[in-house]
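In the two assemblies presented below, subunit A is common to both, partnered first by subunit B and then by subunit C.
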Partner chain A sequence: MLLPKFDFHEPKTVNEACQILAEYGAKARILAGGTDLMVNMKKKILSPQQLVSISRIPELKNLEASADHIRIGACFTVADLCESDAIQRHLSALAEGAKNLGTPLIRNLATIGGNIGSARPAADLPPPLMAYGAQAVLSSLSGERTVPLDQFFLGPGFTAMKPDEILTEIQVPALPASSGAGYINIGVRKAQDCNLVNVASFIALDAGGIIQNARIVMGCVGPIPLRARSAEKILIGQKPDTALFTRAGAAAGSDSTPIDDFRGTAAYKKDMVGVLTRRTLDIAFHKATHRQ
Partner chain B sequence: MKKLIHLTINDQSFEVAVEPNQTLVDLLRYQLGLTGTKKGCEMGDCGSCTVILDGKAVNSCLVLAIQADGRNIQTIEGLETAEGLHPVQEAFVEKGAIQCGFCSSGMILSAKNLLDQTPNPSDTQIRRALSGNLCRCTGYQKIIEAVQSAKTI
Partner chain C sequence: MSEYTVINSRAVRRDTPDKASGKAVFIDDMSLPGMLYGALLQSPLAHARIVRIDTSKARNLPGVKSVVTAAEAGLIKYGVSPARYDETLFCHEKVRYVGDDIAAVAAVDLETAIEAVSLIEVEYEELPVVLTIEDAMAEGAPVLHNEYPGNICAEVHSEFGNVEAAFANCDLIKTTTFKNKRQDAAFIEPQGCIASYDHFGNLTLYSSTQVPHYVQRTVAMVLKLPIGKVRVVKPYVGAGFGIKASANPLELSACLLSMKTGKPVKMNYNREQVFQYGRARHQFTHTMTTGVKKDGALLALKHVCYLDGGAYSSFGIATVYYAGSLLGGPYKLPNMKYDGYRIYNNKPACGAMRGHGGVAARACWEQQLDMIAEELKISPIELRLKNMMVAGDVTCNDLNMSSLGMKECIEAVQNGSEWSAKKGKLPKGKGIGMACGFFVSGAGYPIYRSDTYHGTVVIKLTEDGGTALVYTASAEIGQGSDTTFAMIAAEALGIRLEDVRLESGDTDFGVDLGAYSSRQTLMTGHAVKEAAEDVRQKVLEVLSKELNVPVGEMDIRNSLIGFKQANVDFSGLRTRYVKEHRGWTDNPTDGPLTFKEAARMAYLAIGSIVGTGKYKPHELGGKYKGAAVGTSPAYGCSAQIAEVTVDEETGQITVDKITDAHDCGRAINITSVEGQMEGSVSMGLGEALFEEVKFDNKGRVINADLAEYKIPTMLDMPEVKTIIVESNEPNGPFGAKEVGEGAIMPTIPAILNAVYDAIGVRIHELPLTPERVYMAIQEAKKGKKT
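Right, the complex of A and B next:
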């Protein structure tokens, strides 16, 4: 299977990458792990004339946990996410998403930046990242800007990134004391499967154990990962228990807009959104009350 | 336009001229004659093109040859030494884990990569490590048994 022809660039710094993107604009594409882009190019869905590989830019591979943020470089691989103690400790729902992405061979190549940049509605990392309130940091020759992931996805394969911008890092704000998140994905098989439904839930409790903040993100049930706003409203201000989580699950199901396809019917997916919302809230509540 | 790259394959240095749109698997098979690395789907799904790139097992159909410049690659051809087959290869033969053999290079490299990092893996770890390698002959049980026996060597 032949790849279309292109010119290849391998910048060593972000600035150099931005210069190349500024010169070629929409004719250029960023290449990270290639696990999405190579497939799209082989299928001739995309034929960029200029390919800008960012794998040799060391600063994009950093992971930094400070008092107020965890910053994950765009080229941090999914395998690195699975193995990182800091991710497991602070962002366990993201680690869970990473462990369930693709295959070991894919995880060794795939990057967090590529998972976000490809903007697939079924992708594993956006729901946990959005549940944690993550932001994307975008760089271009005109400077740097930060976009909340909530506003980043515009449709399947479309994002708020401009052609001359590069996603340099993902910032996750440090979590409040009594908070936690859970992530569950289901597919037709256990390994190497496109998700049928995936849900991430985050809750933060106040000193009295009341839910102060909640974010629920559903994948595969709309053109982009969706927030379950009415489910979140049901949770905020309440004391967590199973009945409440079940009600929130039912509301999340109504918030979702799935379609019938060969993986399952829309009705089944709505039901599964309900189940996964309840289960991920259970995990989030457990984390919130057991986290040191 | 072709570009000159330098890479190490099975401990041997190579200098080759590659087209930007040439994949690593095509470089290995068609330019260097290392046909032990197979091509199945060419889409990252089957794992028959598995190679170990800087210590990590990857699908060589999704990597550009030009991206391998300066890097270290191990293919199935590099496992055998003067002493004979690699213990994982030996175990595949002993346990009857090879039928048509098309998936074997990839399976063996994924298993070796696992054992290099986790010398004593659990059954679940073995199954997870091989989950990117499909066997069209579906001889999975014998393949798992082969890796289990190789871990004790």
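Right, the complex of A and C next:
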């Protein structure tokens, strides 16, 4: 398969990149790891005339953990996420998502920004990031703005980003003391598989061990990663136990809106949302009670 | 210690360093001066009449050198078996599947060729599409080929013994229906070729093929060329698994375009086209009824099978026969009745793939045998051992088990997996299961009726005596055959492996039917051995004259000449040799006479030393119709035990371990045998758990890539414990027989039986995706409640 023709830009700073995007608008496309974009270009689904590589912008590769935030640069690779101690320690569900993404070859190239920017309903990183309450930082010549990931995805391949904007970093707020998250994805085989269902759950407990806050995010069962709102409601104000998590799982199944497709039936995916919700809540609860 | 000096060891493969370092040359690495690039116009519709083809815009595009359609190619029918030649190079009246070839273009570069293809105008009149066996067989269904009413491509009806009479004597009769799914072989290298037509009318075709010989014949026949002017050369090939075992439209188109333009023409399939071309494993629906005595003695099998064939025959006639005949063994089965049907429909043709015709049948039956064992309260191993054939037994359909280490294989996996400590003692969700299987060591007959030798080999010694050059037309496609034949040549001639050089895969080197039906080690191996012995004899005869020692009192080993008598004086020979090599630093001074010296003397005496070898199977059993499919000079066999964990809440299966024992006769290269065993497990595991080529309702493949067509990854592969069981096959060179295909037979049923052991639910349809397993568990739960 041959690539369509395009011009190639390689800016060294975010500002330079923003200038190129401002000039070409919708004719341009940002190229990060290329593991999503190149496939679409070879299949002629996308034929951008201008490719703006952001791989040579050092500031996009930073990871910074401060008292109130963890900031992950958009070009931080998935392999970096797998290996980072800070991610493993603070955002273990994200690390889990990263470890389950693609293959070693893909992980070496794929970036966190590209995983979000491609807005695939089955992607591995949005559910854990949304469960942690992450937000996207977007830059353009007219300045910077912050969009919660909850409001970032609009549909398969569509996001709140404007054509002249770059996603520069992901911000995850520091987690409350007794909180934790879990992530599980299932596919047909053990690796390099488009997920059938993936779920991330986050809970925060108060001093008395009551669930104060809960976020459950389900992938593959809607046009964008979905929050399981009624499951979250069931959890909040309750003491965690297996029976509660099973009820929350059943509610999450009802919150999901999967479709039959060649990968699997809606009925199976709904049932799996229930199982994965319960299992990720178990992990989240374990983390919440075992975090130092 | 082995009695052999070269074979029966772990030799480093001859292709390994080149492949590991990227030096190995595949079609994609090759180019010739002035080379053009070709592209195919393939049908976007599954069934349509061609009303009009207009190529004028394509011809006028700058850079386009030739555009060919059926008008230029002619309408000579070809295919695999002459009994079912049902394809023409390009469609003329109608197209029969999405991907059917309509035209080809040669241009200065690939971009131009692809653009030109898009400029060819075809007016179609759409015809109703049939995509399933049921639709194709329905009353009034549209017919794909007028010559085959009812869309029945082939049917087989055979009975050995008397099944109904036997059923009357059975204590238990069990019927099950089983379905696998259409496979893709997922070889790493898509088909590709370069054709080059010279000024003298000679055509050389470099192609990624398993069968240079059959491709040569098909090209000559379809393009009406004298066979002596067609040469097919196979560079390194990234596997084939049966799909590359016949001539394809790329090869024929590239040849035609090269003839038209006088320039070399290169053509490749992309991955999507590999799926579209198909020719891999059929979808089979087997219904088997087995009757046994209370003690487990097998009495009869009644078997009906439908093959979802696709638009053309390809290997299909052989497939429909194999699907029945390969159940004749390895168990003693006195009565067997088979009705097989291969049905045409508007999907890509299916063909031959590893374990040709026998894999789904074996899976169905071995699972059924476990069900029978359970009902009779006999252990699955005991049931199998009770009915097992031994060497020398002949099946009811006349397959002669000239060697059969089946019992040894079962015992090896039983011990190797600690079966007795596990079977029946594992916690819920964990299971263990076993199965057996066997396969031919080469088809007894060529694909076309002929008295041809199946392999010829020439070995020539270099005139200065250092090296044996082996020339074979056989096909190294990644399985390791080049190394195997170099080892056989070295062993039979008595020289070191490093003193052999081997060239293969070129029709100019002789006849070899190629790499399919697990034939090369046995068949080409015989020819290599005979040629090596011929060379050996010629050298020893000259020595005998020169030294006055009888041939029988000399031996060649490790590239040295040995004499039975002490004190044979060969100093005269040595002096002559040294005189001819004045100034050389490697001249022999003392020590035994070397092969190099002997070979040089032989050359000086009688000229170039050339030995020839040939092989064709002896008269094989079976006089009934279809006996040619299944009969073989030898059969390899194997047993496997699978251990699995099933997540009952999600249906996900993890195969934890496979213990695999295979009887390959004498192992020539032990590492290669193990490689085939592990590869077979991986392929069988994929078919068992994940793989299925899927279509939309217009007949288009919807998962034509390796992201959505799921073969096992490293993480899906279990630990594989390989145990080689050696028998001494009387019809094999040094006692060797197959391992390439037979090793896949037990994998699927072993996994099926292990999954049942883990969850207590039988599943009769592949693949065992998490969803299918989960739904089966849910169904069973519902069944229990009501």
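In the analysis below, the second predicted complex is superposed on the first by the 292 of 292 C-alpha atoms of A that agree within 3 Å, B and C clash if a C-alpha of one lies under 4 Å from a C-alpha of the other, contacts with A are read in each partner's own complex, and residues count from 1 in each chain.
Here is the rule we go by: a contact is a pair of C-beta atoms (placed from the backbone, for glycine too) under 8 Å apart; a residue touches a chain by one contact, two chains touch by 3 or more.
Just so it is clear, the model here is predicted, and its values are computed rather than measured.
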| query | Touch check for A:V188: first (subunit B), second (subunit C), both, or neither? | reply | second
| query | Taking the superposition as given, does A:T103 touch the first partner, subunit B, the second, subunit C, both, or neither? | reply | both
| field | Of subunit C and subunit B, partner touching more subunit A residues | value | B
| task | Please indicate which partner A:H290 is in contact with in the superposed arrangement: first for subunit B, second for subunit C, both, or neither. | result | neither
| field | Overlap of the subunit B and subunit C footprints on subunit A, listed as residue numbers | value | 1-2, 103, 191-192
| message | If we count contacts the way the header does, which residues on subunit B are in touch with subunit A in the complex? | response | 3, 19-23, 42-45, 47, 50, 53, 56-59, 61-64, 66-67, 110, 128-129, 131-133
| Which bits of subunit A are touching subunit C when the two form their complex? | 1-2, 103, 186, 188-194, 196, 262-265, 268, 271-272, 275
| remark: Note: in the complex, subunit A contacts subunit B through residues 1-8, 10, 31, 33-35, 38-39, 42, 51, 53, 55, 79, 102-106, 108-109, 191-192
| note | Residue positions on subunit C within touch of subunit A in the complex are 110-111, 114, 270, 649-650, 652, 654, 689-690, 694, 702-703, 707-708, 710, 712-716, 769-771, 774-775
